[in-house]
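My questions will all concern the structure given below.
Labels A, B, C and D are assigned to the chains in the order they are written; within every chain, residues are numbered from 1.
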Amino acid sequence: MKKLIGDVDDVVLDTLRGMAAAHPSLRVDLDQRIIVRADAPRTGKVGLVSGGGSGHEPLHGGFVGYGMLDAACPGEVFTSPVPDQILAATTAASGGAGVVHIVKNYTGDVLNFQLAAELAEDEDIEVVPVVIDDDVAVQDSTFTAGRRGTGATLFAEKAAGALAEAGGSLQDVAAVAREVNERTRSFGVALTACTVPAAGRPTFELGADEMELGIGIHGEPGRERTRLRPAPEIVDVALSAIDEDMSLSGSEVLVLVNGMGGTPLMELYVAYAAVAEWLGGHGVTVARSLVGNYVTSLEMAGAMISVLRLTPQLTELWDAPVETPGLRWGR
Amino acid sequence: MKKLIGDVDDVVLDTLRGMAAAHPSLRVDLDQRIIVRADAPRTGKVGLVSGGGSGHEPLHGGFVGYGMLDAACPGEVFTSPVPDQILAATTAASGGAGVVHIVKNYTGDVLNFQLAAELAEDEDIEVVPVVIDDDVAVQDSTFTAGRRGTGATLFAEKAAGALAEAGGSLQDVAAVAREVNERTRSFGVALTACTVPAAGRPTFELGADEMELGIGIHGEPGRERTRLRPAPEIVDVALSAIDEDMSLSGSEVLVLVNGMGGTPLMELYVAYAAVAEWLGGHGVTVARSLVGNYVTSLEMAGAMISVLRLTPQLTELWDAPVETPGLRWGR
Amino acid sequence: MDTRRWIERFAELVAADADRLTRLDAAIGDGDHGANLNRGLRAAVEALGPDLPPGKVLMTAGRALVSKTGGASGPLYGGALRRAGKALGDAADADATALAAALRAALDAVQQLGKAVEGDKTMVDALTPAVAAYEAAAGDGPAAAARAALDAAEKGAEATVPLQARKGRASYLGPRSVGHLDPGAASTVLLFRALADAAGEG
Amino acid sequence: MDTRRWIERFAELVAADADRLTRLDAAIGDGDHGANLNRGLRAAVEALGPDLPPGKVLMTAGRALVSKTGGASGPLYGGALRRAGKALGDAADADATALAAALRAALDAVQQLGKAVEGDKTMVDALTPAVAAYEAAAGDGPAAAARAALDAAEKGAEATVPLQARKGRASYLGPRSVGHLDPGAASTVLLFRALADAAGEG
């Protein structure tokens, strides 16, 4: 295992230490393991909290700040946070107007956030959870755990954060996050596996000319293994899967070409060139785009494409000023 | 070779296509292979141009925009651009007040920029080159090609760009870039090699428990190969080398923990925690910091640390608004 | 029935087998089940104060598991033990009949939280037959009942191999989840091995 | 002396050997020397219009190399050929004496641009003895002179192996650059092999 880390058992703590040192605009509580906006809680503002396993940086801690999250709670690598920790983040974010939980749809995240919400209600904090499940690689049926939450998480945190900053109500902030989720679809591919520090070996083995289609963000293998293909073909697989699930033709979209952590920007731009061409050729207008490593899976090589069908309000919320370590514009 | 690309021969062109599609604020000329600010040239403003081999993204093209570069000219992967291309960028950037070339100190870059400057002078554009050579891993002597240009390039582009935006003169803009270079030292390590697409195989082989100390940004091996060490020890090697060359104690610094392309943010924060601790323990005040992938070497895993001894003016120039794909704040 | 010894033994077995559990989870999940349970159970054992009644032991351990494990298994095992502890109440002793009821409550808790049914390729596939076997053999005393439960848990776990997962992370793999032992079912076997060991000692 | 054939042959040899040149460069540089020269020389051959005098051929090729190669080798080889072409002037023919002077001018250009001296482990280590050998054998005619130059270039290139680099990227490696053949010296051997081949044909 080749990682720039110290003690494997301390990797999350050391990450938090680094974030604390690098970002004076954040309040990092190493004991509670939460990352909080320096000015939280803001009285009267709806609080926005998210969290999940570590290893997806900058998600979620890197999205704490003006116009986005009030607090984040990172669990162990690829392991959902525990209820006490989620509660601490919720309390830190609570300005009396309620708190929205953005929860990626994994059994562990859903259960732990649910328990935390119960604890928060004991402390008279109203919590509305929004579950994100945008990954089309997984069949959505009552016979599965449902779809995974991936790139839509970033979109939901941005839109809900902007609305909360603008004074939106608890119900409205939750509703916009839900709307973003409903209008977003994602599909990811992996060229390499990744290694959970505590495990010390890759979660799966891939041949030199193989790739995984339909991966998640936890180092799990995908739905299908195929031979390595050129970027335009991969993009076609991903966008066709998305388009089949949610027809894109005629819409204005926000598109994210998201690196999984080990893929350099150069390749993401190459992929984005293919994405832009595909969408243009299918009658889709790209109104906004984002290319980079935002929702990662440790050092996995690969990319995930997320497409959000915009509305005028969602475009406005996307464009609204944001000031976080991971996403910043307008101030 | 596992890369998200199409035809290997088109990788630079495809990257430019992607950048063009993703960033409407840039004018990308695919024939000339240059990336230009949409509003360039600005009459009376000193132009700022940089370029070099591709494979270092977001450097340089990702730093074109308000408060930073006017134009960038990316060569083939790890290969300096050619004079005609540099001339095209220079012409595009020229608003009549002269153009500063930020040139990383590699024989090829220096020679090609020199030839381009001669061509530009034939067209009555005054060009002042500033050569960046901040890498302490290389002995600086008249018997070598001199030190390599690495992280200081980003700092110089930011400072010179801010000063040019503020109306600084040709000589002043060049002088501040030179000053940044003189006050910056860098040291990098690699945990893995990287693969130039056209070559198809890694530039060197590293054992599972080996790393390279004192690497550059072109996939070359470093000065020394050692066993893999924990992040705090690596940081100590890097900062000791920097400190020995330019004493840091008592100064206020801007520090960059820069990923080489394949190392995820989590590990960079872990490294930054160690950096902050080391500097604090050695009487150095970290006034500003930046953690992320800015000056990369394709998909190489590893990190480079750059330290700039700030002055009040340099802090101000660093804080000034910037709006580029790779670096953005204040607007 | 010494529930404290049960939990301690469960922690020992998981610590010894953490690597295998993690490897099972890497194959069809995210490679952290062993680390998760190990972390949670260390906290659970630490949380156990002296001289607690059997029900209180399970409630305390369950709460610690919920607080420290994370992932899906934390709330599920934690909720199960808490509910089992609640079922035992404040009684100073827990005989086989009481434990049978407690185990049933544990199973109910897992199913309420996780919504999985038998055949979904989860810990429920080991837990369900184990609880039934314990109930059926409760009349023969705690040691015999625990051995029967262990036997059933092992068979139930083994039976997850050919199944396609419908709950938890493994469900993302679709047909590719077939042919692997479910890690949660594997750790449930350890839960009943610990019960059998503890009952056998006592 | 047919300089056009010389350049075409150089392009052929580099195309055939690009992989080896790149591998040499990967060992102590950045792994692009073969690709660079190959790209540049393809452009150079394309740039050659019909019926150019020998000097003009070299100037045109040199300019194309500068325009299309990039890297250190582009300006160096390009500058060398341009200067050699200039030395030949507009003459319709280039005999061995004229070519000797042109090669000397090429070497001067490389050294003016790159500031390397013999022993720095660069193309200069092959070019310097090759030019001297050509000059010394010019009296025996272009074919014999070119063969002598090739011989000297090969020896000069081989002699870079034990050296520590003091110019170019290989200098970054310090002592680790010892034990490797310099890629630019290797391509200079091809330049003289092409010259020998072209002179032998003519």
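By our rule, contacts are C-beta pairs under 8 Å (C-beta built on N, C-alpha and C of every residue); 3 or more make two chains touch, one makes a residue touch a chain.
All figures in this text were calculated on a predicted structure; none of them were measured in a lab.
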Within the chain touch network, how many edges lie on the shortest path between chain A and chain D?
2
If each hop has to land on a touching chain, what is the smallest number of hops from chain C to chain D?
3
If you average the CA atoms of chain B and of chain D, how many Å lie between those two points?
32
The distance between the C-alpha centres of chain B and chain C, rounded to whole Å, is 54
Starting from the mean Cα coordinates of chain A and chain B, work out the distance between those two points in Å.
29
Note: chain B residues in touch with at least two other chains are none
What positions in chain D touch 2 or more of the other chains?
none
If each chain is a dot and touching chains are joined, what shape do you get: line, ring, star, complete or other?
line
Go through the chains and record each pair that touches.
A-B, A-C, B-D
Quick check: in the complex, which residue numbers of chain C touch chain A?
22, 26-32, 35-36, 39, 66-76, 113-114, 166-169, 171-174, 176
Taking the complex as given, what residues does chain A use to touch chain B?
2-7, 11, 14-19, 21-22, 54-55, 57-58, 62, 191-192, 208, 211, 228, 230-232, 234, 261-277, 286, 289, 291, 293, 296, 298-299, 301-303, 323, 328-331
Residues of chain B touching chain D in the complex:
53, 75-84, 106-108, 111-112, 114-115, 137-139, 143-145, 148, 196, 198-199, 201, 203-204, 216, 218-221, 223
